[in-house]
Amino acid sequence: MVTLFAVFLLTLLVLTAIAVVQTKNLFVAVMLMGIFSLLMATVFFILDAADVALTEAAVGAGISTMLFLATLALTGEHEKPSKKGPWISGLVVAITSLILIDATFEQPYLGDPMAPVQQHVAPWYLEMTPELMDFPNVVTAVLASFRGYDTLGEVFVVLTACIGVLFILSAGPGAPNPKSPRIPTAPSVGLRHHLIPRVVGKLLIPFIVLFGLYVQFHGEYSPGGGFQAGAIIAAGMILYALLEGEKQALKVLPQSVLIGMVVGGAMLYGMVGVVGMLMGGNFLDYSVLSSNPVSGQQIGILIIEIGVGLAVCGALLAIFHAFAARRSVG
Amino acid sequence: MTSGMQIIAALLVPLIGAIGIALVGRKSPNLREAVTFITAIALLVIVWTMLPGLFAGERPEITLTELLPGLSIKFQVEPLGMMFAALASLLWIVNSIYSLGYMRGNKEQHQTRFYVLFAVALSAVMGIAFAGNLLTLFIFYEILTLSTYPLVAHKGDGKTVASARVYMGILLATSIGLFLPAIIWTYMATGTLDFVPGGILEGHVAGPAVGLLLVLFVFGVGKAALMPVHRWLPAAMVAPTPVSALLHAVAVVKAGVFTITKIIIYIFGVDFLAVEPSTDWLLYAAIFTVIAASIVALRQTNLKRLLAYSTIAQLSYIIMAAALLTPMAEIGASLHIVAHAFGKITLFFAAGCIYVASKKTEIAQLAGIGRRMPWTMAAFTIGALSMIGVPPTAGFVSKWYILGGAFQADSYIVIATLVLSTVLNAAYFLPILYIAWFRNDETTPANNHGEAPKAMVIAVTITAALTLLFMAFNQPVLDLESQLVGITR
Amino acid sequence: MEILGLYNYWAYVAVLMIGFYAVIAKSNLIKKLIGLSIFQSAVFLLYITMGKVDGGTAPIIQAGVSDQIFSNPLPQVLILTAIVVGVSTLALGLAIVVRIKESYGTIEEDQIHLLDHKS
Amino acid sequence: MSIYQHLPALQVVVPMLIAPLVVLMRGRGLAWAMATATSMMAFIIAVSLTNIVLETGAVSYAMGSWQAPYGIELRVTAFSALLLLIVTAASTITLLFGKQSIDSQLEEHRQPMFYAAWLLVLAGLVGIVVAGDAFNIFVFMEVSSLASYILIAAGPNRKAMPSVFKYLIMGTIGATFYLIGVGLIYMMTGTLNLADMEVRLQEVQDIKPIIVAAGFITVGLALKAAVFPLHVWLPNSYTYAPHMVTAFFAACATKVSLFVLLRFEFLVFHQNLVEHVGHFSTFLIPLAVIGILLASGVALFESHLKRLLAYSSIAQVGYILLGASMATASGLTAGIIHMFNHALAKGALFFAIACLATQVSSLRLENLGGVARKMPWTMAAFVIGGLSLVGIPGTAGFISKWLLISAVLEKGTLGIFLVVAVLVSSLMAAVYFWRIVEVAYFGDAPKQSAELHEAPKWMLLGTWFVALANIYYGLNPSLPLLLSNQAAASLLGQLP
Amino acid sequence: MTTVIDILSWVLLLAGSIFVFIGGIGTLRFPTFYTRLHAASLTDGIGTILILGGLVLQAGWTLAAFKLLAILVFLLLTGPTAAYALANAADMSGMKPEENEVSEVEK
């Protein structure tokens, strides 16, 4: 049943991908990308990856789409026909795919419980998590503690992207000039004059944030965690910016506060690691944070998840504002 | 001071001098020249005080840092290198006197740069002379190439730079493309690069490979100007005359033949080469170069270019002698290094004197110049006679030994070459002497000039005198180099 | 039916190559980035697929229930990271595209190329 | 627990955690000072780590106290120590001496973010080098890549943007290829730890997914390392990046990818794939040779100074690869030590170019006539760097060329052809380098050229520092030689 | 009792599916933007209510039922708002219902 369902969804996925590449209208392509991401999230869900599905839905369908749209507003949405002949690219792609397909025949089948991945390392995580962490979500345990260093790196990838977008968009002819504030244009006042979206939207925002907080703090028990929470809360705030105008949104959470959130979140994570080191463990060793290693782990994971949430939320919002504040040139 | 430290001192003194020259150069030309002289004299003292030890059979050595596993930067003094160093350090003083006159008389630009690089080049020459293994030698060989490039390109106009490019290009290409692989090959075959009396290659390389390795070495050492890698030498004649005189008649080219001689004696080993048939070509290549370069020299109309081709021919004399592989010929080779140095530097000095005094560069313009510049031309005559090999000049002594070596080896082709080249030498030098002394000076440019500046005349007189004196006082060199024979036996 | 066990992998290869094609063959910079997103998503699919166990559930251990089969949590963790990396790259790429549009007036690669070589 | 045991972690954590703080530094020069101090600290840590590695052998560190393969392992070997030295030293020197150059190319209000990105590049690169876990390498590769896009995008020319976009696309493709390869290996072994992978691969040798994985990892990393013909992103990125960034990247960025490549090829695949050495050399030797010759050839006709050197970098990557593809101890030693020596040479050259750029308006060759007369010190350092690049004895470049030729000669007949290729490319290097020297020393000054002065003293000091390092390590290469010998031995499994 | 609930829930699910299906056909087949929007809102209006209602009955008196209801409330709020926003955007960009005889795809 699952296999059949998967076959159906995957076929749809491939078709969507082809449509995305085929269409000449970038706006349509971006919308189709949103559908692609949602399909992908569904596939992940039926493959038992609830956390990943949640993230893919929030990030792939939500944040990415929003970024694409913000860019399209500045660049225009029509793709000009390319003069490049598709032959060489086609050949490269064909050869690569043949090699990869050929390799699949010696790979374990979907769901094979005897596959090497199910034999080594992973069983240890499943077995030890209840004992060492005393909470049910193994994904969170691996993410935040066993492979916490990767996650730290990941937070810094987000931080880097945030710095990068702010840096790159701080120059050039379209850069917002602090001395002469730009003339407020229609989008900047948001949808204030539209009663229905405003009312409904404002009604929803608290729930979105609430849900975000739930995902944040319930990550040890159910799918979710800092990343998902950060993305969800950021989406809520972006909604606010769309409704009330960017100016109003920046009044609530100014860019400096957002950067503070990013920096603070990243530092919070890092500092937990350093404190672990100071208390006699290795870097990112949470067990030493408390006299009881298990509660030490729980405290550590809680704090770093907050750090992750702060950093991701701040970074996404800062990136959004950087795009939104850009004036259209030419 | 230990002998080892003396070697280091010989390397460092010119470098320190170079820094000193650079520091005072902008402020006072007089002080700059004074520093040059002090440096040159200091170097002479350092090098010459090592001589007695060498005569007594000492072989001072010192090892600096280890560059690669088993390969150090190492210096060792042996007779051949000692002689080369003594010769270069002696002639540097004379050349400095000469430069003083030439550079000022000619109002050359960038004089500080000139003196600085000259000192650096001398340091490199010392490094080559005292090198204790091939790697060290190679390092200083390249430093010499690089430090002389700006000297050759001194004038800085398009033509000079183009010639300097040829100079640099050939020397660098041959050294990196042939010399370096040869060294690495040797190292891989034998596991050492030390100069060992009797050679290191025997038993490690055999058959045609020996011949190939010798090809790499001989043509890799482009400074020896064996045809067809000789083209850099005429190109280098665009340099100011002191450079041509000291570097391209003595230091650089002698570094080339010196390197080849050392490789023959200390890397291949004379006995090994003698039994290895694939290496015979070296003798013929040298003979070919002697004859061909002499014939080309016949057709030159520019004085310095003629001297350059003459140098090419004379260098191959040395290689030919070394390739004869007989004791007497080896001594002849080393004697010829000295003899040719004295003679050729005199000739170049004279050519420079003529240029500074009259701006004349072509042979045809020299008519009657002997009467206006008697001292210069007298010196020139002595130098020319030495090239031909007429007694009582230095050239006679060395040719005598080489001839003796040829008889020892029963090599009639070498004897024939010697005879033929003597005739050719005479054929291109004697007309110049005739023109200079016996024609009337009616040609342009202006003929209303006198003798060259004093400093230059003094220098050229000294070297001419040395050329003559060497005929009589060659015993020390003979004694020193006989130690080589002891080695090669 | 057995062979459908590899269908996931074929789908991943197909999606991967569709994305790859868009990246190398398209001239529009945004289209390239869209292609890049698809390309990266395909890899997510590869990882998640290999972690699936027949009859398993998401690796959230319910108290009191024994004999449960769980899918592999590790690939999921890796892909969580990879998704975030992907969106970060995308954001940076889009910011660059905005700057390119501003200074060149176009986001077509071949036109940018022409403009660069005219000046 | 003494602090020494934490050094592998601190090596990464120090620059990484200070980077966000640098963003907040608004004061004049404060961001620079902080970044420089941090970079120095990283360098000191690298030096102490090198000492420890030399004394006690490879160091391992379990992140979060979780033992590998369950947790992430950091592993510092002699090879990593060498790379750590290169990376941290390159960053420190360029930061310390390059302030004026950066100031002249970047507005002050954008500098804090720039320096933060710089530290993130540093953290990312050292993170890759110390990582002992395949996925962790990916994460830090992305940190360093994203941050390096930022640094390159700081270039003042508008062409910087398309260049960095191309780099971003190709870099991401490379990283994704790598990720696919790692995924396939993980699929067949169930582990991500490199050491564990080596052991567990023995059970599944030579099945297709592993071979395909090897291919994808090689291609992905080769893309990042700018191995010919996957180099197309490099020339423009280096040309239009700020000069100091070019100096920093030219010294170390591609080398880190090569480091990962070599670690995978030799530690993971070498022991386990029967045909691996064969495949490795059949594919890589020709690529390396063609890359060396073609890139040198392009450099011969290039007139923009930075692009010329960028092509030369591609050729030099070929040298490193050629040494490695011999798959012998001597070959690996040659390749590895060339990473160090090339970093020195290119560092000096690009530093000198940065000095030049403070005075001249354009770095095209036709604009540089006679520049050496006005800027003798700058050009003298440039000449030293160039000589090292050509491989003149007495400079660092000679050491690697010597080792490379001796390694290649061990291959017999094939070796002779390779020697010819190496020598021909050295001569090409001499030619393209000499073109610059001739123009700079003897060319006519362009008419409209303004009054030129020598570059700022402080930058000159840095340039000369690197230039003299070329000579020092040309005469006394014992440290890099020791490290690369050990590295080669451990890659070939001859060390415990 | 359970059978009744089961039958009821299946009826609801089926009816919902039919509405969603009709909505889909309408979105494809209607000629203009506004008519299509009309068909599409059928999907998130009555279709969703019926399906989620059916699912709630299936789930019984559990936490899942509460979650489903929450989703229902969410969708009821957002669906019409989204439809409004779309129509409004179309109106703002100058697309008037009476002028637009031909769908933009066919144009």
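For clarity, chains are labelled A, B, C, D and E in written order, and residue numbers in each chain start from 1.
Keep in mind that, in the parts below, contacts are C-beta pairs under 8 Å (C-beta built on N, C-alpha and C of every residue); 3 or more make two chains touch, one makes a residue touch a chain.
Computed from a predicted structure; not experimentally measured.
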{"item": "Both-way neighbours, i.e. chains that touch subunit D and touch subunit A", "value": "C"}
Pieces of the assembly after leaving out subunit A, positions unchanged: B, C, D | E
{"item": "Third chains touching both subunit C and subunit A", "value": "D"}
{"item": "Core chain by centroid distance, with centroids computed from Cα atoms only", "value": "D"}
{"item": "Chain of greatest Cα-centre distance to subunit B", "value": "E"}
{"item": "A-E against C-D, pair bridged by the larger set of C-beta contacts", "value": "C-D"}
{"item": "Averaged-CA centre spacing for the pair subunit E and subunit D, given as whole angstrom", "value": "57"}
{"item": "Interchain centroid distance [CA atoms averaged], subunit B/subunit C, Å", "value": "70"}
{"item": "Cα-centroid distance, subunit A relative to subunit B, in whole angstrom", "value": "75"}
{"item": "Distance from subunit E to subunit C - Cα centre to Cα centre, in angstrom", "value": "30"}
{"item": "Subunit C: positions in contact with at least two other chains", "value": "16, 20, 50, 74-75, 78, 81, 85, 88-89, 92, 96-97, 99, 103"}
{"item": "Interchain pairs in contact, sorted by label", "value": "A-C, A-D, A-E, B-D, C-D"}
{"item": "Complex contact set, residues of subunit A against subunit E", "value": "191, 194, 196-197, 200-201, 203-204, 207"}
{"item": "Of subunit E, residues touching subunit A in the complex", "value": "74, 77-78, 81, 84-85, 88"}
{"item": "Of all residues in subunit B, those that touch subunit D in their complex", "value": "64-69, 73, 135, 138-139, 142-143, 146, 150, 153, 156, 161, 165, 168-169, 172-173, 176-177, 180-181, 184-185, 187-188"}
{"item": "Residue numbers on subunit A that touch subunit C, as the complex places them", "value": "3, 6-7, 10-11, 13-14, 17-18, 20-21, 26, 29-30, 33, 36-37, 40, 43-44, 47-52, 55-56, 59-60, 63-64, 67-68, 70-72, 74-76, 79-80, 82-84, 86, 89-90, 92-93, 96-97, 100-101, 104-105, 107-113, 115, 117-118, 121-122, 125-126, 129-130, 136-139, 141-143, 147, 150-151, 153-154, 157-158, 160-162, 164-165, 168-169, 171-174, 221-223, 227, 312, 319, 322-323, 326, 329-330"}
{"item": "Complex interface listing, subunit D residues touching subunit A", "value": "1, 6, 9-10, 13, 16-17, 19-21, 23-24, 61-66, 69-72, 107, 109-110, 113-114, 116-117, 120, 123, 127, 135-136, 139-140, 142-143, 146-147, 149-150, 153-154, 184, 186-192, 200, 204, 207-209, 211-212, 215"}
